[in-house]
Structures are given as structure tokens and as C-alpha cells.
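Provided herewith is a single structure, encoded as C-alpha cells, for subsequent inquiry.
Residue numbering begins at 1 within each chain, and the chains themselves are lettered A, B, C, D and E in the order written.
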Amino acid sequence: MTGNLLDGKIVVPGDVFSAADENFKLVNKIKLGPGLTTNQAQKIIVCKSGTLRYKSPDTLWVDCHQQRYIPSKGENVIGVITSRQGDFYKVDIGASDQAVLNCMSFEGASKRNRPNVSNGDVVFGQLIVANKDVEPELSCIDPSSGKANGMGILSGDGILFTISLNLGRKLLSPDCVLLPELGSHVSFEIIIGLNGKVALFCKSAQQSVCIMNLIKATEYMSNTDIMKALNKQFF
Amino acid sequence: MDLNSSLPLGNLQCEQKVLKNTDGSAMYTAGETNVLVGVYGPADCKESKQDVKQAVVEVNFRPKIGIPGVAEKYMEKFVCKICESVILRSFHPRTAFSVIVQVMQDQGSLLSCAINAVSMALQDAGISMRCMPVAVTVALQKKEKEDNEMKDDSKKFVISPSTKDEEESVAIATFVFDSAQYDSISAYACGPMTSDEYRECLRLAKEASKHIVRFFRDSVSRKVSTDIR
Amino acid sequence: MPTDSRRLPVPEVSHSPELFCSSDPTSLINDDSLRKDGRNPEEIAGIFMQCGTVSQAKGSSFCELHKTKVICSVYGPKDVEQKEDFQMIGKLKCDFKFAPFSCHKRRGHIADLEESELCEVLTQALSSSVCLHRYPKSQIEVYVIVLENNGSALAAAITAASLALADACIEQYDIVAAASVRVFGKENFLRDPTFHEEYFPHQLSKKNDFNNGVVTVALMPTLNQVCGVLSEGCMESSVLQEAIQTCTEEAQNLYAPLRKCLTSNLGDINV
Amino acid sequence: MMPINLLLKLYKLFHGITIMPRTPAFSKLEHEFLLKAISTGVRLDQRDMLEYRKIGISFGIDYGCCTVEIGETKVMAQVAAEMDRPRESRPSEGRLNVHVEMSTIAFPSFDPTKPGELGVGIQRMLERSIILSRAVDLEALCVRVGEKSWTIHLHVHVLSHDGNLIDCASIAAITALKHFRYPDVSVIGQDIVIHTMEEKHPIPLTVHHMPLYVSLAFFKGCERLAIDPTYLEEKVMDGKIILSINKHKELCSLQMNGQMNITKEQILRCTEIAAVRAKTLTELILNAIKTDTDDKKLGKTKSQTVLEKSKDNKEILKSELTVNSQTSEEIQIANMSINEDAVTDDAIKNGHNNKTEKPYWLTQHDRQTCSIGDGKVNAWSGDGAESSLGIFKALRADTQPEEKSEDENEDSEEEVVILDDSALET
Amino acid sequence: MELLNLQPVESYKTFLKENIRPDGRELMETRQTVLNVGSISTADGSALVKLGETMVICGVKAELTIPSAEDPGKGIVVPNMEMSALCSSHFKPGPPSEQAQVITKFLDNLLKSCTVIDTADLCVMKDKLVWVLYCDLICLNYDGNALDASVLALIAALQNVKIPEVTVDDESGLPHTNMEVKKAFATRGMPCATTFTVFDGSHIIADPTLKEEDITEGNITVVTDEHDNLIYVQRQGGLAMPEAEMQKCVKRAVEHGSEMRKLYLAVAS
């Protein structure tokens, strides 16, 4: 596919390429992900710096090392409850607005049986409303099954820390070797929110701290580097 | 026209993600001038300042010695207008972008250094931009006496002048271009010059800005080169 | 004078050149019983009034009383800024400022005591004329700048402000006209004093006559009610009475030009 | 010139409210984990309890400009001199003013228009440690008694806040003062001539001694002690002892913040630790200044960074502490945390050894959730088994993993679909 | 006209189609400019400028002071712009707004770069006594483009300045002023500012009104002097613009500048 030529290209804001360009003879449908926009002349304009990514058949986006989370519908995120307003909790998910979480949006919650949630609790949920004009809304019920599906309040001896959005996506990507490799040596539970927040549960605090620092260190590592680093740790 | 073409911009250095708590930051060094910029955004914004159509940009310019005064306000406004025009503000209504510019060392060409630093910090924060602003300062100096024999009123152009160059010059101009088309976004020129001299300054600045954009691009590739493919 | 970071730095101290020249003559009245500017003591100064000077404002006016120039604009009624100020009657906010170049000595940017005092008198005079009960939960802003002060600045300011309020269609019981007089001994009432007469040192009068001062009276002419008095200096009560009487008369005389100014403006709109 | 303090006051009065982003919320999870980890002698950055973070000192081109980094905490100090009148109460002395500038650049909740409690605290503490301990010879700054003297302004800019600001600020302040040179002055009759840097060599300030702050944080009912706390550690600590001490073991200031009940022995213990620390820091600073002066002599105008991680700090501390060994409880605690060297990378190895032979690979449950290893009681078997952690209840592992969230949206029909992160809504 | 308030951008576009602006001007046409000097007798120099409805007054007060240590032989000129709450509902009472500060700094930069007044002329006695000229500008009515009006007012007021003669007594070292004898300064150059703004990224309009400022982006201010040199160019933000457009502005600024200079000359005589 000719689109592959663009894959991996490093772009900075302001770069322009046209759908009609020589190296971009795609079918007439193109989907643009984050970091790309168009102007009136149907040219594609880059608006974030990073690596251009292409995915067959027709999707393009820019991978960028961003810190600030921008809510997107359907994404699973980890947030911290900051306050309660009537039937709603305010949740800090690291975006510009705090997300709202209805207390009915927990599995098994009813008017009578409210979940036991207090400020500072960590919640794992899915964004069911994410729009630039209104505050995002979070839900701990999977809309497809109506079940919690793992979402809800997180508790236990875990640690919560923040990584860059890109690293979060990288860890979740099937191409990344870090978590599988790590998992073959140590046992731990990890929940990665797409907002760059990570909850990690380990047997001991020492292990947690080690794994956390290892994950943080892989931001700019390639798979080979990761393997090297892991080998150094374990052998 | 004199132009020390081998090293027109001095030493350029840029380090990104230098501050822990900001969304994006950059320490930018051009020659001996050094500026640190931190960016937050799109962040929450007080209701009184919100704009329902587009994001608000606020710039805070902090001098090294003393408290910010009118001169800093002028710089703030200048940088703020540039940010407003490059950031795709309509993507993030009701939010705010906060840019803090801390002067670490001023050895001339402060304004252009600050703008380039802001450009890198915005880029580091992954803020959606129409293009990257790139700034170049050019000073216009009277030729020294030896050169006088050629023409009386011919002038010497110095790109990225140092403090000393700035003191000796008759006029200083700072141009801001967009990184894609090299069209002008902002300009600041102070001191008497003819239209032709102005155009010449602009031409030189445009040439120099291409070097800087190349530098920007290099920095970005260095940063992201390790992304897994 | 303290500067702040929002203005350019200025020298810490500087002196008016007048400080270094020979002193002024010592009397207010020449030998031919005329005043320094050639007027009779009873002679008033000509007044020029104009409405709608500031097009951006709801209402505005410009007043020139001999050389004294006052500009005034009115904004509102608008919502109160702070919730604590929420009241069932309207709030009148006045701001009175001498331009830095308006007086013989340069004035600072930050309001001094004289300015705040005059502002207070202005607010008092206007609040009795404006129908504040008609503007609940809102505030009316009156801004006055004295561009040149050649005496009687307060009187000019009050008249101008009332005119501007009328121009802004703010309901008032009556228009307010103000006039001032310089009392100089028992028998001398100098109408519409100049800067020199107004600020002339008090102790330089005849030794056995302590009557000395400046009286400003704000009057609502049709109602014939006084809504503000400011008297400076010391004088016998009978002299003060007479001074107030003189001012009242003079203010009453302002009614006709004020009316004319306002109606001519209306005529313009109708045409 | 206006007195700068008055200017500052006016500035603060008149400057508008600036935009300050929200501070990230602090969760119970973090709070509890931190305390638990510290009680077992583990810190998030894998330091020992009595280990300092990496310290970097760099200088600018100007005299008296110094940037100090402790981990991710960063402070810049700049010293400037101004010809002024001496105070009437002290006609034969110059003045030293400390200004602490905190802007949003360092931390979202820092208001650039007012220093806030933390900023005022740092300013007071610097004044106490540097001015009140007479670290700088102010009499030398007097040019003519009662008429002319130098006023030294020490501007401290907080650039990044990750805990322990005061240590960082005090190192930056002292280094900048030590590095600073002010112009030479000649008094000829009535006239005072200020020489430029080119005419005459500028003069350094007379710094009698170098008081440095060392902060020690207490946790868990004052049972645990950690030096150089990070931002998160400061959030969960009971309180801290902040000591200003010089290398001659002279205590210049001592302050306790927070709610702590500590014994006299514990305070003495802290003082000893701080004294050791101050000594190494002083050497580090002097070394850095020397390197810089050498570089400048060689004509290198580039600001050089002197980075030094006091590696042997731990050893020094240990040896010093054993020399003065007392049998107080606190020493044991201190020594204990030093000896807990087990808290290193091989902790992971231990975990490795404990686990079952069969390697578990990454299980991706849906796009955003994955799990590895056995965890606790069979948490993700998907058979409704109750997890002791209560998180992965009935997690399905059937969704095919997708690389990108942005990749969905297949139903769009337009030729070009803008899917920006903000506009993304299906 | 009602539409202009409700849907400013759309209705403005329909006007621009006809190449005319709502107030009847062409795109590059400036408003009527009125200059009056010397009307404030208490000031040592004064000027009132009316640019359409925008009105700016400048009064210069000359005072004596001790020079700064760095420049003992030079006087001081301090401009200060006030956009008081009186002139528009955009502003609040209190210290100068951000816009006023930016104009203040603009004027300061301008004075420094083009030396309208040689500060050495303001020296009475080196290191002892110099004049300080406080140039206070007050915007009395703000209907856009305060910058052009304030440049005009400032320069005209400075040209209008007459300061009393000062002699310094040799023995006592005290100055003595003679208020009867006043002399004017030699002012050099007559800079003149022209401001443009860009509507919709394509239409450049000169001398915007307040309403036009609200719906446009990126102010361009060009200051020219009597030799048609550029003294000051300031372009704040806005969309990227090709250089040819900028040259158009420069050309128009030169033209406009030479018209305005006739005003200076007319009042100077």
C-alpha cells in the first residue's frame, strides 16, 4: 500500500500533504485521527508533532508525546473522585474539565443501594459522553453488556501513577513487548487508562515501585531497548 | 550585503520536557540567550474568562531581575497574539492555554528566542497548531568607517544580534513566520529604515528561519525516533 | 509618588518649575476693584455645555467654565459587580479624577485626598437627584475627568455629571446645577473663582476680617432645593448664608442654558 | 529607583487574576501506598530513606546566576546589586533583600501575583538563614556611611516543584551569592565612581559561612524518617524538620512544620544527619563554583552544568553515624533504613522466584485493559470468581485487541473524516 | 444597522462584497482626523486628536529633576496612556488596562527609536538638573484605533511644548525659573502611525473602528517618518499573510503619513 510510505514519517505542525499526492493513492476515503486536520483545499494539515501513522486500509494519525488528556468517547480511563454534587460525582481524569459520574452508573446501584464512594477514591470507567462543548461523562457499566465488566472503584494495595498518553497507548499495543515480558517474570495486575493513569497491584511495595519505574523508563525505548533493559534487571 | 552565512544563528539548543508539572515545556538556547517556557493546556478556565467558541490564551512573561512591568506586558501581548493565531483554538472551547515564559539569560534577540521557545513548548505539549511559529531577529547597523568608501548610507545586517550588537544598531526587527509557507505571522521593527532595507531584513530573516525550522524538525525527530513501529 | 508596574518608571522626585520662580502678587483684587482676569467680582464666567461628547457612553457631556474643562460620561444602569452590593435601590458609582496635566502642579495617577473628597460631594449631590429606587439591583456609573482646572472644578463637574445623566436618560427628579463663590472678606464675593482665586492662601486677607473661603452649592433649580454644599475656610454664619444665597442664585441662572442644551439635543434626534 | 518592596506590593495589588490550571487530584490509593511503602523503607524513586536525589548546579553567563536541580525540583537564583542609601537604623551597612518568585510554571496552583503561604515561608526561611545568621558581610557593602551603600537583591525563581523546595532554594541562593561579583567603586571627594566590569575587576561578596537547609520528613507517627522528601511524600508526611546548618556544624535555623511529637533525641539525630549533609553540599557547591571559574578563565562562556550525585553520601552518613553511635531509638531507625539495602532492583528477582514456573503472557481483555501474570486469586478467569482486589469482576477476554481507539468509526461515509481528539465523537 | 450588531461578521461580509464599509469608507480609507493643539493652558504642551469618534488628549507637564546615574546628561520623557473607564464600557476604573500598557510601551519604544526629542536638549545642568516631560495621554472616547490617535496626539503635544527658561545660580546652586520667557523644543521628525487590521484573513482594512476591531484579527501598525522611512512596524498575530499584502500596507502608510504630516505643519505654524 502506498500509504505505508507515510507511515513513520516525522511531522511537525504546519506540514501539508494532499490526498492527491503521488505517494498517497488511496481509495477515496481517508480517516484522519488526532493531530491531523484538513483545510478547504482538501489538503491534510498536520497540527501536532510526532510520528505519522498509517493503518490499513484508510486511517492516518499522528503519534505524539502528549501529557494532557483530551476525552474521547468510548475510551476507558482512570480518574479520582474529587467531589459530589447531588446524584453526580466529579471525577478528575486529567482533562480540562472534570468528568461527571452518575451514582447510578455502577453495577447493581439503585436509588436505595448507592455505591459507597468517597472523595479520593480511584475509579475505572468508560467515557460515555465526550464532546468538546460539554463536560465528559463517565460510566462504570459496559453499555454492551450492562455489567461492570471490571470497571468500578479500585481499591487495595495498589499504586496509581501517571505516564504520558503515548506510553499508555504503547503499553496497550500488541506490538509492545514490555508487559508480556515483564509478566513472564513477575506477577502483577495492571490497569491502564487511556488518560495516562495507571493502577498497579503487586505483591509488595518494592515490586510495585520497581515495575512503576521500569514502565516510566520505557517512554522513549524501542522494543529492543526494552528487552535489553529487562534482561539487565532479571539476569 | 554582509552576512556571516556560516553561523548566522549561533548555537541552537533545545531541551523538551524539562519541567515536571507542566503539560509541555522547553528550554531553548539561541546563542547565549536562554529561555524556559512551560505550557498548560487545554486546561480548565474560570467561568468569568471562558469563551464558549474557542480557547483562551494567556501568556505570562517573567523577567530574571525585578518584577514584570510594562515592557513585559508588551512582550506578553505580542507572544499571546502569536499563540492565538497558531493554536487551533476552536478545537477546545471553554478551556485555557497558559504559557509561562521565564527568561533565564538575556544576551540579545530575546523576543525571537522566547517565541521559538514557546513554539517548542507548545509542540512538546502536543497542542494542535495550525503551524509552528518561528522567529528571527535582525539588527541593522551603520557600517564602520572602513567600509564607508563604498556607500555612505549602506547598512550592515546582523542576524540574531547579541546585546552588544543591539546597542550599536540603528534598528532592530523581529519577524515571525509560519513553519509551512514562511508567510509572516507577526513582526516587530523599531528604528528608522527604508522600505528596501525592511524588505532585505525580511528576506534574510526568512532565510534564517528555514534553518531554525530544520532545527525544530531535527529536535522532534530526535525525540520520537525511538517510537516502536 | 509611588509608581506601579503598569506604568513606565518615573523619577522618584521632580519639581514644578513654578517652585523656583518669584512669588505671586498678594491680593485677589486689583486697585481698580477688578479681579485679576479683568472681571467684576459679581461677573460670572461664561459656560459652555455640550451633550453626547463620548459616543461610546450611554450619556456624556462636556462643560467648559472659563478655562476649566470637564468631561463626563455615564454608563448603566447595569448589573452590580458583586453580589454583596445587591440592593433594592440602585447604586450610584462616581469616579472623579483630575488629569495629571490639569493643574499647575502635576497630579499623580492614584486618587489623592482632594479627589476622593470631591468625589464624595459629587456622589452625594447626584444621589439626591437620581431616582435610585427606579433602578433596583443595578448600578449607574458616572466618570468625571477634569482636563483643565482653572477653578470651580467641582461646580463644573456636578453640572456636567447631571447633564450626562440626563443625556443617558437616567430618571432624575431634577437636573442639578452647581456654582461656587470665593468669599474674600465680608463684602467680596467672587463668583466662579479662577484657580488662582480658589487656591489663594487664606491667611493673606485683611487682618481683622477672618471671613475667607470657598463655597460650592449644588441646587435642583425647578424644585429649588439645595442638594449639596461644600464650604472650605472659615466665615461667619451670616456671611456663609449670603455666600450660599449667591451660589443658589447663580445656579438658578444655569437652568436655562442647561435646558437649552438638552432640548437642542433632542431636537436633533427628532429631525 | 522605587523601593522594590513597595513596587512588589503594588504589583500584587493591581495585577489581575491569572489562569491557573487545576492541581491534579490526590487519590487515597496513592496516599495509602506511599505510607505503606515508606513503612517498609521503600520510596517511589527507589532511594534509601537517607539518600538525596541527584543534585545539579549550573551557572549562567552573568555573575550571580545559578540554577539548582534536586531531582525534578528546580530553582534559579539571580543576584543583582543596586546603589542605594543605607537604612537609617544601620547607616554603616548595606542591605540584602530576598525575593521569592513563584509562578505557574513550577506548579499549577502557584499564583504568580502573590507568593502564597509556601512562597512567603521560603522567603522568611531564606532571610532567617542567610541574613539573620550574618552569612553575608553587609558592612563591606557600605560605600559612604549614611549616604551610599549597595543593596543586594537575591531573586529566587522557583521553576519546578517536586518537593523539598527549601533545600533547593537555599543551595541556589547561597551558590548565587558566592558566585556573585559587584562592581568596584572609587570614592573621590564627593563623587562616587562606579567602575564597569571592564575597567576594574568586580568584587565578590564576603560570605562568612554557608548555611544550607536540610529537610527531614517524618512519617507514620514519626517512626519513619526520610531525607529530601518529594512532592508526594510531602503530601503524606506527618511533618518535617527543616534545619539550616553550615559545614562547621553551626545551626542557623531550625523549624518544625506539621503535627509531630518527636523526642529530643530525634531532633539531635536530625541535626547530625543535616550536619553531614551540609558538609557534602558545601564541598559540592565550592567545587561547582571552582569549575565554573576555571571554565570562564578558559574563555568558555557556555553555562556549564555540574552534576553530581553524592554517591557515597550513604556511606559517609553511615560511617559518621556509627562513629557517634548512641543508643537512642531514633538511631536504630535511621540505621535500619540505611541498612535496608535490600530495597534494590533485585526485589523484582525475589518476586520472580516466588512465582510459578509457567510464564503468563499478556492477556488483553478489551482495548484498554490488559493483565499479566497470576495476580491474586485467579482474578481474571472470567467465571465470576471473586477477586480479592475487587477489580476484575467478570472480565471478558473475547474482544479482539485493537491498536488504536481512533481506528474505529468505520461507519463514516465522508471522503475525509476529521477525527481529532477533541472532535472525536461517533 | 441592527444586523450589524446581531450578526456582525455576516453582515460585514455583505458590505465588503461591495468594497465598502458600514460607515461608508473604502477599505483603505481612514477616518476624518482633527488635531487641536495648545488648548490646555495648564499643560506645557497639549494636543487633542479626534480620529472619527475616537478622541485622545495628550498633555505634557515639564518638571525639574535630578538625572539618573546612568545618563547624567539626558532628560527624561515618560509617556503614559490611560484608557479610563470614561471612554468605553470595555474598560474598568483603576490602574491602566492591558491595552493601555501596550500602547504606553509602544509610544515609549517609538520615542526611543526615532528621537523625536533629543533628550540631551532637556539637560539643564549635567548630573544635577534635567527636565522630565510627563506625557499623559487620556483616551476620552474609544471607537477603535487608539494607537494612531495617541501617536498623533503625543507628537503634536511634544511639538507644542514650551518650557520656561531656567538659570542655575552659580553660588547657591539653586535653579531659578523665569515663567515669562518660554521656549519651544527642537523636535525632529514627524512620525505618523497607520493601523490596519485583517478581516477574515483576506481583507485588509485601514483605521478600524471598535466594532471592526472586535471582528478582525491581527493589527498591523506602520509608523513612517518624513523621509517615508519605516520607523516602527508592529504586527500582532493574525493569520499568516503573504508579503505582498504587507507591502500594500506599507505603501498606504507612507501615503497616509504624508497627509498627516500636513496636519502637524498646519498647527505648528
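Heads up, the rule we're going with is that a contact is a pair of C-beta atoms (placed from the backbone, for glycine too) under 8 Å apart; a residue touches a chain by one contact, two chains touch by 3 or more.
Please read these numbers as outputs of a predicted model, since none were measured by experiment.
Between subunit B and subunit E, the least number of touching-chain steps is 1. When every chain is reduced to the mean of its CA atoms, the largest separation from subunit E belongs to A.
Ranked by separation of Cα centres from subunit C, the top chain is A. Comparing per-chain C-alpha centres with the mean over every protein C-alpha atom, the closest match is chain B. Summed over C-beta pairs in contact, the chain pair with the top total is A-D.
Measuring from the averaged C-alpha position of subunit A to that of subunit B gives a distance of 33 Å. The mean-CA centres of subunit B and subunit D are about 30 angstrom from one another, to the nearest whole unit.
Centres computed as Cα averages put subunit A at a distance of 53 Å from subunit E. Subunit A and subunit C, compared by their mean Cα positions, are separated by 67 Å.
Within subunit C, residues 4-9 each touch two or more of the remaining chains. With touch defined as above, residues shared between interfaces to two or more other chains in subunit D number as follows: 7, 11, 14, 22, 420, 422-423.
Counting partner chains per residue, subunit A has residues 35, 37, 47, 70, 98, 132, 173, 175 touching two or more of them.
Listing the residues of subunit C that touch subunit E in their complex gives 4, 6-11, 13-18, 20-21, 53-57, 67, 69, 71-73, 75, 95, 97, 99-104, 106, 109, 141, 143-145, 147-150, 195. Residues of subunit B that touch subunit D in their complex: 18-22, 25, 32, 34, 36, 38, 40-46, 49, 56, 58, 60, 62, 64-68, 91-92, 96, 98, 100, 102, 104-105, 107, 128.
Those residues of subunit D whose C-beta lies close enough to touch subunit A in the complex are 22, 24-33, 36-37, 40, 42-46, 343, 345, 347-352, 354-355, 359-362, 364-376, 379, 388-396, 401, 403-409, 412-426.
Against subunit E, the residues of subunit B that register as touching in their complex are 70-71, 73-74, 77-78, 80-85, 131, 171, 173, 177-178, 181, 183-195, 198-199, 202. By the touch rule above, subunit E contacts subunit C in their complex via residues 40-43, 46, 53, 55, 57, 59-66, 68, 76, 78-80, 82, 84-89, 93, 95-96, 101, 104-105, 108, 132, 134, 136, 138, 140-143, 163-164, 166, 174-179, 210.
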